[in-house]
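Order of writing sets the labels: A, B and C. Residues in every chain begin at 1.
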Amino acid sequence: MPEQSPDGGHDLVTALVHDEATNLTPPDAATLTIAAVESGPRRPKRKGIGVGGWLSVAWLALLLVIAVAGVVTGQKIPFLPDPKNDVGGFKLDMFSPGHFLGTDASGQDILSLTVNGTSASMEIGVFSVLIGFTIGGLFGVLSGYFKGRVGAVLGSTTDILLAFPPLVLAISIVTFLGHSVFWVTIALAIVAVPVLARIARAATLSWAEREFVTAARAQGAKHSRVMIKELVPNVLPAMLSIALLSIAVVIVAEAGLAIVGAGVAKTTITWGGIIDSGRTEIDTAPHIVLIPSFIIFLTVMALNYLGDALRAKFDVREGAL
Amino acid sequence: MRTAFFKLVRLVVVIFVVTFLSFSMLKLQEVATGATIIDRIAPFASQAKKAELTQSLNLNDPFFVQYGRWLGNAVTGDFGLKYTGTGNNATTGTPVSTIIGKELPVSIELMLYAQFLALLIALPLGIYTAYKNGSVVDKVSNIAMFAMLAMPAFLAGLALQVWAAKNPNLGLPTQYIGVGDFPLTPFTSENFNQMILPTISLAVAQIAVYMRLLRSDMITTLQEDFITTAKAKGIPARRVLLRHAFRPSSLTLLTVAGLNVGALIGGAIIIERIFNLPGIGLELVASILSGQVVETQAIIAIIAVIYVLVNFLVDILYTVLDPRIRHARAIA
Amino acid sequence: MSTRRRRTHIGEERFEPAPLDGPLLDVVDLTTYFDTPRGRARAVDGVTFSLERGRTLGVVGESGSGKTVLARSIMGLLPKKNLIRSGTAMFEGHDLVTASSDELRSLWGAQLAMVFQDPMTSLNPVMKIGNQLTEVLRQHLDITKDYSKELALALLESVGIPEAKRRLGEYPHQMSGGMRQRIVIALAIACGPKLLFADEPTTALDVTVQSQILDLLQEQQRERFMAMILVTHDLGVVAGRADEIAVMYAGRIVEKAPTRTLFSSVRHPYTEALLRSIPKLAQPSHTRLAAIGGRPPDIINPPSGCKFSPRCPYAQDRCRAEEPPLMDAADPGHAFRCWIPVGTPENRAALEANRAAGLASAVAMAAV
């Protein structure tokens, strides 16, 4: 099994899929997307992240600004057509006067809906990954570092958690606990934890074998110190690119949840919510569905690109030493 | 053989845990929301009816007993009822097993179609672009794959729906508007019409994933010494690619595709919803939304068990395919 | 064996039939450069030699001397990207440097073959040994499947694999390193090539096995009247087994001679240093190993003049300024590339002068 990939950087995938002499882990949409992006062509080690990288950063920064504005103004960002303005224009097409992107079935302006929805969608994306990262990362590093009993137990727990179809889990949590930004975030975080734990574990395993860890231990460093000072600084950059990719997956998942009716309640605007509301009008007013979809598509592309570029940048392989 | 035994044990344990978890999730919901199971199933029934229902479902028994009974029933195929009656007829309904029997095949068929399409495109493309690494074709396809990756299944589904709506002369239904049973027989125009758009939607993202994995592994393998040996034996390029390079490179792909088989059965929920396909995913969503707790329980458990079983099978398949692992295990 | 026929490939008719006189391989001024981000690496920088049928040429040099690149360049196995070659390598009427892929492919395995260094990585790990053998047999010979299996079995036995029948169905990882290398050899000689390249065939093996493998190569070569080019960094390997030795340094041949002549009347300082660095049984224990000081030359920006001059204990100004051409020595078949060759009075004088001037390599010579 090729371990050293001079071109495709999917060692994490290889590690994931063949962990511990083929103790297989079921991947899900998240892992698969990550796998695919990771196995893409390596960017040559240029100094920067390229034009695409900076475009992506610009886009994401824009989204961030809008999101913060949305949170601060309670999703009523000024200078936009009032989202709740049913001026009598139902299902207006794009480029109608006063409503550049048209309106939805109840007359709400699509542009302002989409812009305002940024805050909720981004919140869900960022925070669920943050939580999942922290908890999952912790779990993963611990289970990767402590081989033997502890590691095996932690590893098995993760496996069992992963055995559960993730979408079903998320749907159940939201349905039973509540259709709010909070619960959707929690639901997706819970789904993310085992996946991120697995990835963190694989990354830790590949680093923990290295000699500098043994050297640190030989100098009498405690486990916690070794983990914090030696492993985490090395695992973190790799996980960073995974984090970006995960945010993309979560944003898509939020929309997916909305479509199946397990999304955020319509009192809060999210991209998924707009898409869902437009599904009934798809024959006559497809722009309701297509515009937020396109925004999601752009965002996912930007996140994938950045995640890929960061991975290539931070990937100091043995070859460089 | 020892390891095979351990794997089997592990499988059984996981199945138990997973079914237990799904069973308890519903109970948990009771605790969290305060609404009992009966309240959800038959919200408008009289108190007397509710009591009767509670009794018949043995809901007053201790938790583990309930689980045991449920498990026992499940093994014989009895998953309880989907309650369709209202008011005082609330105790009647259709057996869940019948429902599952009709809808699970739809999901399985969708999954098979999507996998087939995805592999059909991804395999040759992956091999070819690995071989012609760096060429124009390779670069173009990489960009295309990158975009396809960013396109999650439901986006593709929605886009296809819009396109079908705008081109009614193609005769592709934007949704399944079902009467009677879903046309499951492949190669019929009915089946094709209903399945083509959902299949493409599901396949789009998979193509990118598979193709990239294969390409990456092939490129690495092609740099190995034994490929040079094969070349130096005078073996033509096509044979070297297919007979020598492909097999060792296909393992990750196969594993991921195999695991996808399990994942797609429960994971096509969104596509089923978009296209209104009467699959198991859609049924699950409907049951959750309408509070059909018994049915929900059963479907979750079944999806989870299938998932786990498929993973197990892929694991076994893996050892069959890579003789090195096979022998390493035998020694271990 | 008489049922074998050479399979005709499409277009083989247009290739000329092999001439029966003249050397088997005639390399004239072969260069092989790689374009790297740091510049043009001159891995092989003008190599000329010829090889007769059935003879063995040993190519010796440090890593970076260009010996492996030379072998692969002649075979045509180098990836085309950023590759620049010139010169000719005539083999049986084909110029290997300009030959097309199809032409090369018809020659590989059938006329030209290579044994690689690491038997673990040069065998396909997921393919049975038997299949790997029958594959090459059926590629070049027009024989039935069953017959190819018989041939494969015979091949395994002829390279000394015990329980050959069982081995046919096994995988490479089930065998020891020595056995794997035997199989690699079997693969290479399967279709009876006229020329075999052996690129460090024993470097990856245990010392105890090395001699067996070398013996096997020699035996096969004699039986099949096969020419062989044995590439190695170890003079000891070629000492008893090559008819002729070419010593390479910085992409060029610096000395070329029949084996006995090379050992008895060495001319080039580098060759002398190589000979000196072989530990000898007659030396008292704890004798310091005579390593060659300095580092291998940079093939992207090579030093001016003689490439060995920075490390040479005899180097004088002329050496550093002007690169010596390949000159013939008095003995037949012996050529070298040095202004002040070993064994001449000028050479001794140069050494004294350098020693007096404190040149490190010259001073070290006295110590040994």
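Structural remarks
The rule is short, and it goes like this: a residue touches a chain if its C-beta (ideal position, glycine included) is under 8 Å from a C-beta of that chain, and two chains touch if they have at least 3 such contacts.
Given the structure is predicted, the values throughout are model-derived calculations rather than measurements.
Looking at chain A and chain B, no chain is in contact with each of them. Most remote from chain B, judged by the distance between CA-atom centroids, is C. Centre to centre, using the average C-alpha position, chain A and chain B are separated by 21 Å.
Centre-to-centre separation between chain A and chain C, using Cα means, comes to 54 Å. Multi-chain contact residues of chain B (touching two or more other chains): 224, 248, 322. Taken together, the chain B residues at the contact with chain A in this complex read 14, 17-18, 21-22, 25, 28-29, 32-33, 133, 142, 145-147, 149-152, 154-155, 158-159, 161-162, 165-166, 174, 205, 208-209, 212-213, 215-217, 219-221, 223-224, 248-249, 251-252, 255-256, 259-260, 262-263, 266-267, 269-270, 273-274, 284-285, 288-289, 296, 300, 303-304, 307-308, 311, 314-315, 318-319, 322, 325, 328-329, 332. Residues 75, 77, 81, 105-110, 113-114, 116, 118, 121-127, 135-136, 139-140, 171, 173-174, 184, 187 of chain C touch chain B in their complex. Residues 134, 224-226, 228-236, 243-244, 247-248, 322-324, 327 of chain B touch chain C in their complex. Those residues of chain A whose C-beta lies close enough to touch chain B in the complex are 1-2, 4-10, 13-14, 17-18, 21-22, 24, 26-29, 32-33, 35-37, 39-41, 159-160, 163-168, 171-172, 175-177, 248, 252, 255-256, 259-262, 275, 279, 282-283, 286, 289-290, 293, 296-297, 300-301, 304-305.
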